[in-house]
Each structure stands twice: as C-alpha cells, then as structure tokens.
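Two complexes follow with chain A in common, the first pairing it with chain B and the second with chain C.
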Partner chain A sequence: MIKRHSTSFALVLAGLAYFVPTVAGGAPAAYTACTTIAILAVMAYGADLILSYLGEVSLGHTVFWAAGGYAAALLSVNYGWNGWATAGGAIVVAIIFACLLGLATLRTREFVFSLVTYAAAVVAMEIAFNWSYLGGSDGIVGVPPLDLPLFGWQLGGGTNDELWLIAWLLLMVTLLFIHRFRRSRLGISALMVHMNPDLATALGVDARRVRLAVFVTSAPISALAGWLYAYQRAYVGTDMFESYFLVLMLTAIVIVGRRMILGPLVGTALIIVQQNFFSIGGDGDKIVLGAVLAAILLLWPKGLVGVWDLLASRRAQAARPTT
Partner chain B sequence: MNLAQQLINGLVLGSGYALIAIGWTVLLGAARLVNFAHGQLYMLGAFVAWAIMQKLGFSYYLAVPLAVLTVGLLGVLLQVMMLPLVMQQNLTSLMIVTLGFGYVFTGGASKIFGGDPQAFVSPLTAASIRFGDVWFTWADVVTLVGTLILFAVLWLVLNRTRTGAIVRSVAEDPKLAQLFGINAALVYIGVFVFECAAVAFGAGLVAPRSPILTSMGFDEVILTFVIVVLGGIGSVGGSLLAGFGLGMFTALFGALVSPAHTTAAAFFVLLAVLVLRPGGLAAK
Partner chain C sequence: MSSKLIGRRQITMGATAGVATLALPSLVRAQDQSIKVGTIFPLSGPAGPNGQAVTHAVKIAADMINAKGGVLGRKIVLVSKDDESTPAVGVTRANEMVAEKVAVVIEGWNSPVTLAMQPVLARANVLDITAVSKADPILAGQANPYAVRINSSNGQDGLVIADILLNKLKAKRIGFLTQNDAYGNGAQAVIEAEMTKLGKPWEKVVTEQFPFKQTDFRVSLANVKQAKPDAVVAINAAESSGMPALIQQYRQAGIEGTLVGAVGTILPTVFRIAGEAMTGVVSADIYFPDLPPFDGIKENIEFVAAYKKAHNELPDKGAALGAAALEVWASAANAAKSLDRKAVAEAIRGKTVPGTILGNLAFAANGQAQHKETVIKVVDGKTAKIEVLK
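Our next item is the complex of A and B:
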C-alpha cells in the first residue's frame, strides 16, 4: 500500500516539476534557469553514482560531460545527424572513455584514483584545445536546434522554452534510473564495497569489477547532460572541461547530503538560482561556490540533512524533562 | 636539435618540477594527505610576490621570501580549519575540501589581482651565460642549486634529526605516535605549512619564466602528481630523480615532437606506469 502511494506521489511530483517555469512566471529567464538546472543536475547525478555509492571521488566526470557535448556538436554540425543519433553517439563515446579510464585506474583507489581522473580531465582539455578536428581553442560553433523526430512528432528546438520539455524528460529518466540503480544488484554491491569491503569479499563480490561497472554506468549520464548542453548553447568549447563544472557537481552532491535521491537536484537548483538571480559577479560566485563546498564538508560533513538531524535531536533533548 | 642545449633545458625544467613537487611529496609521505589546491597555491605564491614588487616597490629578493611567508601563514589557517577531518583521516572529504579552497583562491585572486596576464620579472632571468652553443640564465642556475640544497636539507632533517623521526613516526602510525606523547596535530600543521611554503618558493623561482595568470595551476598539479607517483609516494630522493627524468622527457619531447602536448605525453607515461606498476617505479 505504502509503496503504491509513494509511486503515485513521485509521479505527481514529477508532473508538477514540469510546470515549475510556468509557475515561476513563464518568463524566458525562468525557462533558462530551469533548463540549466535540469541539465547540470543530470551531470551531477553521473558523479553522484561514484561519490555516494562507491565512496570514491571522480574528478574526471567533466571528461564525460564534455565528450557528450562534443559528440553532439561534431555529429550534428559535420554529419547532420538528428538528436537521437547524436545522443547514441554521446553514450557510445562516454562508455569507451569510461572503459579506458576505468581499466587504467582499476588497481588504484582513493587519492590515486582521484588524481588520475583529475589528470585525465586536464589532459583531455589540452588535447581538445590543440586538436583542430575538435575545433581547437575556438570550439565548435553553430550547433543546429535539437530535432528529435518521434512518430511524426517533432520534439526539441533551439530555445530554452522548447528545450525545457527535453531537459525535464532527461531529468525524470535519470531520477528513475538512479532509483532503479539503488535497488539493483550493482547498486547494493557498490554500497557494500564502499561500506564494508571485507564483507563484500566474503560474499564473493569482486570489488574491482563492481567499481569498473559503476564507473562505466555513470559516464553516459553525465554525457547525456553534456549532449543537451551543446544544443542549449548552440556551441561547445574547451570551457566544458573547466573546474567550474567539477566544483559544481561536487557541491551539488554534498550540499544536501550524499545518498539522497533528490540531493544533487536540490543542490544544483540552489547553486544556479544563486548564480542566475543573486550573482555577485563571476569571481564572487566562484568564491561562494568553493567556500560552500569547503564549509559544508568542514562543518556538516553529512550536508544540510545533517543539520536538520542535529536540530531535531536538540529539540528532542530540550523537550525532555530535565529532572 | 642542439642536444647539449636540450639536456641543459631538461635539467633546469626538472629541477623546477622537483621544487614545485617537494611539498606534496612530504605531505603525502608524512601525513597521507593530498592537497588539490597545490596549483592554486603556486599561483598565489607568484601573484603575492608580484604584488609586493609592484605595489610596495620591494625588490625581487625580498618579495619572494615575503610571499613564502604569506602562503605559509595561509597554510596554517587552512590546516587548522581542516584539522578535525585530518585527525579522522577522512581523505575523501579532504580532497574535495582542498578542491573547494583552490576554487576560492582562483576567484579571490582574480578579484584582487585582476584577470590579465602579468609579467613577474626576476632580475636573474635577464642575466644569461653562454658556453659555446649552450645558453642559460642565472635564474636557471639558482633554481637548480636551490632545489639541490633544499632536497639535501630536507633529506637530512627527515632522516637524521629528532624532528624527522617524529614526522616519520606520525606517518607510520599516528595513534601509536600520540601514545608516545607526540602531538600529531602539530606535525600535520607543520608538514602542511612546509608544503605551502615550498610551493610558494618554487613559484618564486619558476614562475618568472612566463607571464603569470590567476587561472594557472592545473599543469603544476599534474606534473607534481606524475613526479610523486613515479618517484614513489613519500620518497624525497625518488621525487628528485623523477623530477629530473620528467624534465628531460619534457625538453626532448618538446624539441622532437610537439611542445603543446607535453603534459598529455607525461600523463600517458604516468598511465602506463600505473597500469604496469601501481606502486610507482620505486616499488619493489
């Protein structure tokens, strides 16, 4: 009974989410903010799979994010592929990169893993910057409006209010996927490898294999976000590798609390609302984002959910008679 | 290609790499900590020295020690903030926290110093020496000699003094060291401050080679990481050798193949080593 209720509750919530920009006034700025939040949240969910369920810090998810964007731009500009085909291309490219990087880091853990993934992102940026096939330092301009033909319907478009439907759908599919992942055999094994590696080994779980599988599973999620981002901006460039996106995804994950299904979405929304509507200049926003990331982990390592728990337990203590 | 010149370049580049990496080697070896703000601390070292020269009119020789002191003090502040996480050895959170700090430094520096490239000029780069067809500057000589002296002193301190023994005991087993009355927190702060000061010193010597930007620091982290892993994690002598090796590789790769892809090439060398020998080249 409860399960059926929570499913319908989630469906209602998902449906209501679609009307957020309308409720927010329906202005172009509202559609832009909501589309951006959905895209960047999906990007963060890719990294969330690694940080929350594997307990490792991947600093290389900007590679998958950028790979998705570059695949969309290259395939649509140079070869005229439609949206479905470029999305397929983005997924394939991300899986190939994740397999290569995952196999190279198979025997590394903790800081070595983080550093290799970080180095991979910096090096990928240098390669993109110097390789004219990928547009070099200019990037690839003139990405056409997204076209997703579906049984005679034409989905997609070039403006934010047209792309919002796609961004919302992508976000909902991602949430459903994360929800399934948490209950899947792989998700449970990942959490076990993270929380109690000895138990995992005793139960015959191959930790390396689980790590590789989760890594490869997470890459296409960030890549699809990058894919849509390319259409939203009609341009891709080496700025997609910038540490802004890396810091953004990590902050979005930790701000609310790890292993919360809506955590990265709420985190991304908080960050983008600050940057779009309460900005204090580009450099100021950098300071805010970096400081929030550091402060959350230093003060409330469990995120804002931890603060809530703390307040609740204090209230409970205060309510208790003190005789 | 002038081989003698490229070998000299490699030696000079390598000593600079080793100098920038030494703080991390010690931090990783003695405290098992990683600092992702390392590259941004390098950037801050260069910009603080530049600002002292520009705004206060001090000479280069005074500006660099003052920048080392400033970044060292910043290190005290950072490590005091991170101490609870350090004592729990919560490495995952520490990595992300230092990444956040680095991002704050990038934003803060570009707010304070502006986003334009600046010329951080050392009087030593202007003075050059020529032997036949080989050419180098006094700055190169000072970097090489300074690096060798710093490594020698560090090796002696770590291996031949009581302070070194304390640091090594904390590295080996922090809980046991504390049972023997060693203040592990103090050791962690000391090691972290050394890392910050050493990278600022490295910036003072190496950064004048090219215009400085507040967005720089990423390549420095990658090169440092390559050196630390190739040299064997925490090995002072190993990282010096790895620094020279990487310097030679960079000079020859830049001359023979392409200077634009040297960091990428160094990274692929690193990947190959990690796949073949995960403990680094020094591992038995």
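Our next item is the complex of A and C:
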C-alpha cells in the first residue's frame, strides 16, 4: 500500500518537475537554467554511481562526458546522423572507454584509483587537443539542432525551451535507472563490496567483476549528458575535460549527501542557481564553491543531510527529560 | 485604533503605488532612449587583467561616442560580464545578454569561449563582434553567418612574418620554436606556405615543439644552436610565462640568428619579465599606441589620452581592439540607420568603416578586419624602446 503511494507520489513529482521553468516565469533564462541543471545533474549521476556505491572517487568521468559530446558533434556534423544514432554512438564509445579504463583500474583502490582515472582524463584531453580529426584545440563547431524523429513526430530542437523536454526526459530516465540500480543485484553487491568486502567475499561475490560492471554502467550516463550538452551548446571543445565540470560533478554529489537519490540533482541546482543568479564574480564564485565543499567535507562528511540528522538528534535530546 | 492604522498603511501604499505609476512612463522612456551594449571577456582568473583592460577600453570608447551624440541619437549603456575563460560560463553569460536585450555583444579573448558563445547569440539574433579571439572557425560562418572580427587572422600574420624573414632579414636558414597545438602548428604552416609563395630560396633547418605551459627550453635551444639558423621564429602565446622565459634562455644559449616573435606575442608583459634579453628581437603587430601611423590618427590620440588618464598606462593591443570593436559597431549602426543585426553586419562585412582608433578599417566579405602590420625591432629591451623596421 505504502509502496504504491510512494510510486504515484514520485510520478506526480516527476510530472510537476516538467513545469518548473513555466512556474519560474517561463522566460528563456528559466528554460536555459533548468535545461543546464538537468544535463549537468545527469552528468553527476554517472560519477555518483562510483562515489556512492563503490566508495571510490573517479576523477575520470569527464572523459565519458566529453566522449558523449564529441560523439554527438562528430557524428552529426561530419556524417549527418540524427539524434538517436548519435546517442547510440555516444553510448558505444563510452562503454568502450569504460571497459578499457575499468580493466586498467581493476586492481587499484582509493588514492591510486583516483590518480589513474585522473591521468586518463589528462591523456584523453591531450589527445583531443592535438588531434585534428577531433577539431584540435578549436573543437568542433556547427553542431546542428537536435533531431529525434519518433513515429512521425519531430522531437528536439536548438533552443533551450525546445531542448527542455529532452533534458527533462533524460533526467527522469536517469533517476528511474538509479532507483532500479539501488535495488538491483549489482547495486546491492556493489554496496556490499564497498561497505563490507569480507562479507562480500564470503558470500561469493566477485569484487572485481562488480567494480568493473558498475564502472561500465556509470559511463553511458555521463556520456548521454555530454551528448545533450553538445546539442545545447552547438559546440564541443577540450574544455569538456576541464576541472570546471569535474569539480561541479563531485561537489554536486557531496554537497547534499551520498546515496541520496535526489542528491546530485539538488546539488547541481544549488550550484548553477548560485552561479547564474547570485554570482559574486568569477573568483568569488570559486571561493564560495571551494569553501562550501571544504566546510561540508570537514564538518559534515555526510553532506547537508548530515546537518539535518544532527539537528534532529539535538531536538530529540532536548525533548528528553533531564535526569 | 487598529482600523486607523490599517487606513494609514493603505494610504502610504496607495501613495507609493501612485508615485510609482507616475514615475514609470518616464523611467521606460529613459530606458528606451539608451542602447544596451554587452561585453563578455575574462574578468577573473589568469586572463582577468587582459579582459579587464579590454572592458575598460570599451568603456572609454563608449564615453567618447556618447560625448559625440551616441548612436542614432541615443546613448550607449554598457553591460559587462565575466566569462572566466570558461566556455560553459561564457554560454551562460551570452544567454544573460540575450535576456538583457542588448543590441550587440563585443566578446572574445579565448577562442573556445567565442566558439561556444557564437551559436547562442546567433540563434537569438544578437549581433556578435569578436574583438580578440583568433581561431579560424570563428569566421567560417557555420555558427554565425554574420561574424565580424577585429583582430588580425593567422593568414595575415603569416604573410608578415614570411616577409620579415625573407625580405627584411634576408634569412635563408630558418628555425622554428613552435607551441604544439592548433594555434602554434597552424601559424607555422601559414608562415611556411607564405615563404614558399614568395619564391625565394629558404631552408627549414630546425623545428622544436613544446607545450603551451613549458618554461624550460634549454634542451630545445641547444638543438637550435647546433642547426646554425639565420633567423628563428618563436610562436608562443604564453606571454606572461613561456615567451619571456624562451627569450631569456635564447640569449643565454648564445644563438646568433635573429629571434623573430610571432605577430602579437611581444606584449608589455614580455618586456617586463625578459627585460634586456629583448634587445634585437624583431616582430610585428597591428597596433602600437605611440608609433606611426597610430600617433597621427585623431581618434587614437584622443583614446590614448583618455585611457592614460583613467588607468595611468598606455593601452595595449587588446584594449585597442575592444575600443575599435565598439567604434566599428557604432559607425556601422549610424550608417545603416538601424540596430538590426543583419543591417549592421552588412554595413561592416565587405565595407570600410571610417573613424576608428585604427583609422579607416576595411573588412573582408567574411567579416575579417584588414590590418597593416607594423614591423618593429627592439632597440633597448630594458626601457622597452622599439623602432619601426623599414
């Protein structure tokens, strides 16, 4: 009974989310902000699978994000593929990269894992920067508006209010996927490998296989975000490998709290709304972002949810009669 | 008692609303009269000082234009934003400019940021003038069919360096120290192609490549020395670190060939760091505030005086390009008697725009400004004294 209610509640919430830009005034700025938040949140969900369920910090997810963007740009500009085909291309490329990187990092843990994934991102960026097929340091210009033909319908577009539908759909599908992942065999095994490796081994769970599977599962999520971002911006460049996106995705996950289904979405929204509507200048924004991240990691490692728990326990303590 | 209080509050609110209603039309009229012009440059981070100089210069140019009656009889009001040298941030700022309903956006220090902003502005039908960013695809027309760029192109720069090497220095054995990316390799390819076109005998005796962030060139320079070149072209866009270090180490290595800096790389920051080692360096650029022909252009004299008064230093090329961008737009809008993107762009592309600080500025059909580069030689690096090389 409760389960049925929570499902319909989630569906209503998801439906209402579609009208956020309309409620926010319906101006182009509202559609732009909402579309950007949806895309960057999906990017963060990719890295979230690794951070929340494997307990590792992947500094290489910008590779998958950029791979999705480059696949969309290359295949649409050079070969005229439509949106479905470029999305397929983005997923395939991301899975190949994830298999390679996942196998290379199979035996690494924690610090070394982060270092190797970071090195992979640096190498990938240098390759994109110097390879003229990928546009070199100029990147790829002239990405056409997104076209997604569907049973005679033409979805997609070039402006943010046209892309909002696609961004919203992508976000909802991602949320559903993460929700299912948490209850899946793989999700439970991953958490077990992370939280209690001895128990996992005793139960016959192959830790390496689980880690590789989670890694490969996470890559297409960030890649699809990059795919849509390429259409939103109509241009991809090597900046997609840069720390701007890396810091954004990690902060978005950590700020609210790990293993929260809406965590990365709320985190991304907080950061983008601050940067777009309450900016205090480029340097100031970075100081705020860095300070917030440091404060949360030092004071409430569980994220903002940790603050809530703390307040709740204090209230409970205060309510208890003193002896 | 309480009803009285509410009454008073209502009166106050009513009066406020009344004043607001009365004031509104005049406010709207005042806003109608002015024209919003947007600037998007890096105002923070490593390129922040450069972007700030350009933004200051646009402000001074706006004051100069407003003092002369503005554009179409209306005053220019500037809206300046910071792209943080980050394409994603630039896109956000470009969207904000669209929301602000600016008549034109003057932008571009980093090419990737310009390339990312172009489609946003083009789709919103906002005129977009690129001041500094040099990448070739900016004018290719894929993202913006009405693109305009004030800075020189790699093609023009290559021709000038080829002319310096073969005609002015009469060099035959030529070496290259080239930044290994699209900018550096592209610039070298253009110089080589232009030298071949000149039809004089020359030989490439050495090419050493390095990444943008490199500051230690001693191994490369040892190879250059061995090759005994007559002249060496240094293509390095890191004007605050790599380029001055390269020049100092070039002197320490005792290489005899003339060092030729790629167009636009011999900036004040290079002089400040490399100092005496600069003596003898040959290069070219499209703007020098106090050298001919610019010291004879009325608009430039006025601009340099105003800039110096406001910031206590001479404007550099970036600043001049920013000011010229606004002047070009203002002049074209006045000529077209319109603020419409297409009309103003057509008054610039393929036309000559008079009365800018760079003189009468001609534009190719693709929107590229046509410059006459000034070739210079550093006479004394310590005091940054340069002379025009005839």
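The rule we apply is simple: the second predicted complex is superposed on the first by the 322 of 323 C-alpha atoms of A that agree within 3 Å, B and C clash if a C-alpha of one lies under 4 Å from a C-alpha of the other, contacts with A are read in each partner's own complex, and residues count from 1 in each chain.
One rule holds in what follows: a contact is a pair of C-beta atoms (placed from the backbone, for glycine too) under 8 Å apart; a residue touches a chain by one contact, two chains touch by 3 or more.
Please read these numbers as outputs of a predicted model, since none were measured by experiment.
Model built by superposing both complexes on chain A: chain B and chain C clash. By the touch criterion defined above, A:235 reaches chain C but does not reach chain B.
When chain B and chain C are set side by side, the one touching more residues of chain A is B. Contacts of A:104 after superposition on the shared chain: chain B is touched, whereas chain C is not.
Judged by the touch definition given at the top, the superposed model places A:146 against neither chain B nor chain C.
Of the two partner chains placed by the overlay, only chain C lies in contact with A:138; chain B stays clear of it. In the superposition on chain A, A:283 makes contact with both chain B and chain C. Of the two partner chains, neither chain B nor chain C is touched by A:200. Of the two partner chains placed by the overlay, chain B and chain C both lie in contact with A:130. When both complexes are overlaid on chain A, the residue A:71 reaches neither chain B nor chain C. Here chain B runs into chain C after the superposition, and of 44-52, 188-196, 206-214 or 224-232 the stretch doing so is 206-214. When the two complexes are superposed on chain A, the residues of chain A that touch both chain B and chain C are 130, 281-283. Interface residues of chain A, counted against chain C in their complex, comprise 27-29, 32, 36, 129-130, 132, 136-139, 141-143, 158-160, 233-235, 237-239, 242, 244-245, 275-276, 281-283. By the touch rule above, chain C contacts chain A in their complex via residues 42-45, 48, 82, 84, 86-89, 91-92, 95-96, 98-99, 111-112, 115-116, 118-120, 123-124, 135-137, 140, 142-143, 180-183. Against chain A, in their complex, chain B makes its touches with residues 28, 34, 36, 81-82, 84-85, 90-93, 95-97, 99-108, 110-111, 218-219, 221-222, 225-226, 229, 260-261, 263-264, 267, 270-271, 274-275, 278. Touching chain B in their complex are the following residues of chain A: 51, 55-57, 59, 103-105, 107-108, 110-112, 114-116, 118-120, 122-123, 126-127, 130, 243, 246-247, 250-251, 254, 281-287, 289-294, 297-298, 301.
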